[in-house]
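Going in written order, the chains are labelled A, B and C, and every chain counts its residues from 1.
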Amino acid sequence: MRLIDHHCHGVVTEPLERAGFESLLTESDRAAPPGCSMFDSQLGFAVRRWCAPVLGLDPHVEPEVYLARRRELGADEVNRRLLRAAGVDVFLVDSGFRPGELLDGPEMAAASGAEVREIVRLEGVAEALPEVTAAGFAGAFAAALDRAVAGAAGVKSIVAYRYGLDFDPLPPGRREVARAAGRWLRRGRPRLDDPVLLRHLIWAGVERGLPLQFHVGFGDPDLDLARCDPLLLTGFLRATRDRHVSVMLLHCYPFHRQAGYLAHAFPHVYVDVGLAVNHVGARAPAVVAESLELAPFHKVLYSSDAFGLAELHHLGALAFRQAFAAVTGAWVREGRWSASDATRVGELVGSGNAVRVYRL
Amino acid sequence: MRLIDHHCHGVVTEPLERAGFESLLTESDRAAPPGCSMFDSQLGFAVRRWCAPVLGLDPHVEPEVYLARRRELGADEVNRRLLRAAGVDVFLVDSGFRPGELLDGPEMAAASGAEVREIVRLEGVAEALPEVTAAGFAGAFAAALDRAVAGAAGVKSIVAYRYGLDFDPLPPGRREVARAAGRWLRRGRPRLDDPVLLRHLIWAGVERGLPLQFHVGFGDPDLDLARCDPLLLTGFLRATRDRHVSVMLLHCYPFHRQAGYLAHAFPHVYVDVGLAVNHVGARAPAVVAESLELAPFHKVLYSSDAFGLAELHHLGALAFRQAFAAVTGAWVREGRWSASDATRVGELVGSGNAVRVYRL
Amino acid sequence: MRLIDHHCHGVVTEPLERAGFESLLTESDRAAPPGCSMFDSQLGFAVRRWCAPVLGLDPHVEPEVYLARRRELGADEVNRRLLRAAGVDVFLVDSGFRPGELLDGPEMAAASGAEVREIVRLEGVAEALPEVTAAGFAGAFAAALDRAVAGAAGVKSIVAYRYGLDFDPLPPGRREVARAAGRWLRRGRPRLDDPVLLRHLIWAGVERGLPLQFHVGFGDPDLDLARCDPLLLTGFLRATRDRHVSVMLLHCYPFHRQAGYLAHAFPHVYVDVGLAVNHVGARAPAVVAESLELAPFHKVLYSSDAFGLAELHHLGALAFRQAFAAVTGAWVREGRWSASDATRVGELVGSGNAVRVYRL
């Protein structure tokens, strides 16, 4: 099953001690309670089961053995092995989060042997603007975004982290944006969390016509999950359905059924269960099955949302392939689907939909 | 397994070209993206798998083959075959949506060979009132509703579409209704979406003592799914639990577990997973299983919510029978349920509960 | 699989007629509709299947046969048999609900042969205060709580029932508490439902440093389920994550995936699917599997939330053991988990996590 990972991040290259590795095994920003380990999770078990053999170890080895082997091989070799084992043709990489710590696009391409295309994080572009005035913010952002999206495959909003998906669905007016920019500049340009500016960024993304990704559903505790329900985007989706933009709902768990409804109801909405497919481990077949309920098959994509650990790029691909095969294979055996339909749907969700929507 | 379909609509009789057929395969009001087809969905696959043989074709035939055969046989013959293949004893038909385009009750009875009883759509009765004054609205509506429910099995509210389930749970006062009616009349009697009038209609329904159906959960994009969570009805359910009315929560997906809780907690609340059972196709066993968690077995019913295509009447019945048999059969094999209990619960949810609640 | 039931209640000792027994088989406060029985539910089927043999009957006997045998044996013998059949090492008992009607802690210990430790219901302590002034409320409550928690394993808030989980996450000020206490006293000390006082109680619980249990998710219709979503606690969890208190999210259904996210994201949050595991009966494996997605395995516990019927103490333990074995056994057979990992996780969720968090 050919795979395009339509949303992931780079990997770290520094050697990882146990604490550092565990911190990348979880969305939590804290360590496990004393005496406990983040390896005791579906994801931790999956690393020991499926990544250990890629590093030449037996399945299910103890964490310390795994980490020792990882150090022995060195991060470059580990990344190379795991990224290549993923068997992914194209990675669409959001390099806007902790960029200095991770391989960038060309480095990811070199390590993985896959094609890499960029996803531009809207908030990152705004935060990286050089000195600007309140009145000049919109123009400077537009110019910077135009430069950033040249060659990029899509754009992404993390309004889920910075405000919530319950933002006002309509674009802010020009003066409103200038006033909000003035407030942000006077505050010393902190992390961009002003809802007016966030909306302005999103609508600037809409105007670029590239696929527009949204973080949806669970993530690190910096977000408020109740405000990451994709149904909160309903008004925005109504406002954009004739705007020639595809809206990509990323991750979505535990609201993936709601996301599937949106992909069913709105012609420009797409979904994946990235991130979840890694973190739920042995439960991936159940979650993938739930993502194949209401969403038409031309609306479902694959992503890993892997960040930091090449294990996550590998496991995401492996879990998705296994889960898709298990779920649709059962339907074929039960006589519900034809084998050729299962193959064809696998081509769509694995890569065909991404090729079409991102024009790869 | 004897079935009563306690909520469905009529079928179309005009010949259907591909676009028209696909538009009835989805709750979306738009076509699939260019190069894509609504046949690429769980429902589309189910049509090709299970309906093709009813029309004398092999399972899994291509959409064009299916549609050509459909045209060859003609809509009357297709409807007759599929409605009869459904093996449903009684259809409770809501004929209040796009009535001119569909078979009406007697026509549905003739085509299907089944008994047909009417469900009266409250909003339709109000919108069909002849000329009326603001002060006369309540009386005219009461009289029209009394006429409409003579012989009907139940009434239905689509407040989910017109406002949301988060309506004020208590009945509006007489003067409040007259004022709201005045506003509606001055606006030229548009689609009835005034929350005061909608509440008045619902409470008029409560007073009739017939089972009161609510659209709950997903549907076409005319609704806001976040406002279709059945838990939003909690206050209304508290206010009606001693009013000798049964409240029927229709469809409910993806909130069917929440609906099951309400059926568990409130003595007058009933649930089904109609509409979903068709649209999730091969996942119907999973959804039916989830509907058999908290809801007592005397509170679960069958419906298809089929609209337009006789395929949906057939598939709903087939999917529900298959899913119920698969789910409860596994419990019997595992020694959890007795075989006779499984049969008895099948009689309850398939038809017994509907017979009791609707007094059929 | 060794079990600690970290949240349950006592059992009744009076002989139970059918209506009384059925009322304890449901969270509803009403009888089943005429002609219907609460035995027609997953829980009712489970009682007949699994408890009947403990009373010397065949599996699946009719309800009347079961109840006749129950009366024949007498409540003491029934309680003794079922509580011992549960095979639970320690029961943590919340004796704050309908205390006069149930066995208390020492009586539960005698009947079950297990260790019993107390969970102190914060609202119960406040409502049991002797005569107090508005200004003296906080001090009197603090003293009473100190006495109550001596020897207790944890404290519990039922703010879900009394207000909702959407309470202001920060502690109220001293004067605010006195004013709220004054209002409560002037109202004649009704059931404590003042949100300021409820928050004060919760924060007093936080300060005690014992594990703090919250009722989350479904329960009797006295609550509004929409306000029992654990995500409503997000602000409170942020406010307490450095306060050296463990927050135990009880039951959680149908929001157990959301609860699992909180246990994943916050270092001090723990979850169980008690209550649900009993009421969903044959569906317990599905619900337990869902509880093992995002939550790290050092964050999941077992509870029954059994109340009134010793059947519920037995069935909860049985269902959890069966479900855990079925779910993880499949993962071992599929080669996803190692057998030793499955055993170790069983030790954690069955008892180890409770031992660690409650310091048993």
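Here, a contact is a pair of C-beta atoms (placed from the backbone, for glycine too) under 8 Å apart; a residue touches a chain by one contact, two chains touch by 3 or more.
Small disclaimer: the values here were computed from a predicted structure and weren't measured.
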Rotation, 0 to 180 degrees and nearest 5, that superposes subunit A on copy subunit C via CA atoms: 120
Same-residue or different-residue interface between subunit A and subunit B, half as cut-off: different
Intercentroid distance (Cα basis), subunit B paired with subunit A, Å: 37
Touching two or more other chains - residue numbers and ranges from subunit A: none
Sites on subunit C touched by subunit A in the complex: 229, 231-232, 234-235, 238, 241, 257-258, 261-262, 264-268, 289-290, 292-294, 296-298, 331, 334-338, 341, 345, 348, 356
Subunit A residues within the subunit C interface of the complex: 26-28, 30-33, 35-38, 40-42, 45-46, 49, 59-60, 218, 220-221, 224-226, 253-254, 276, 279-283, 286-287
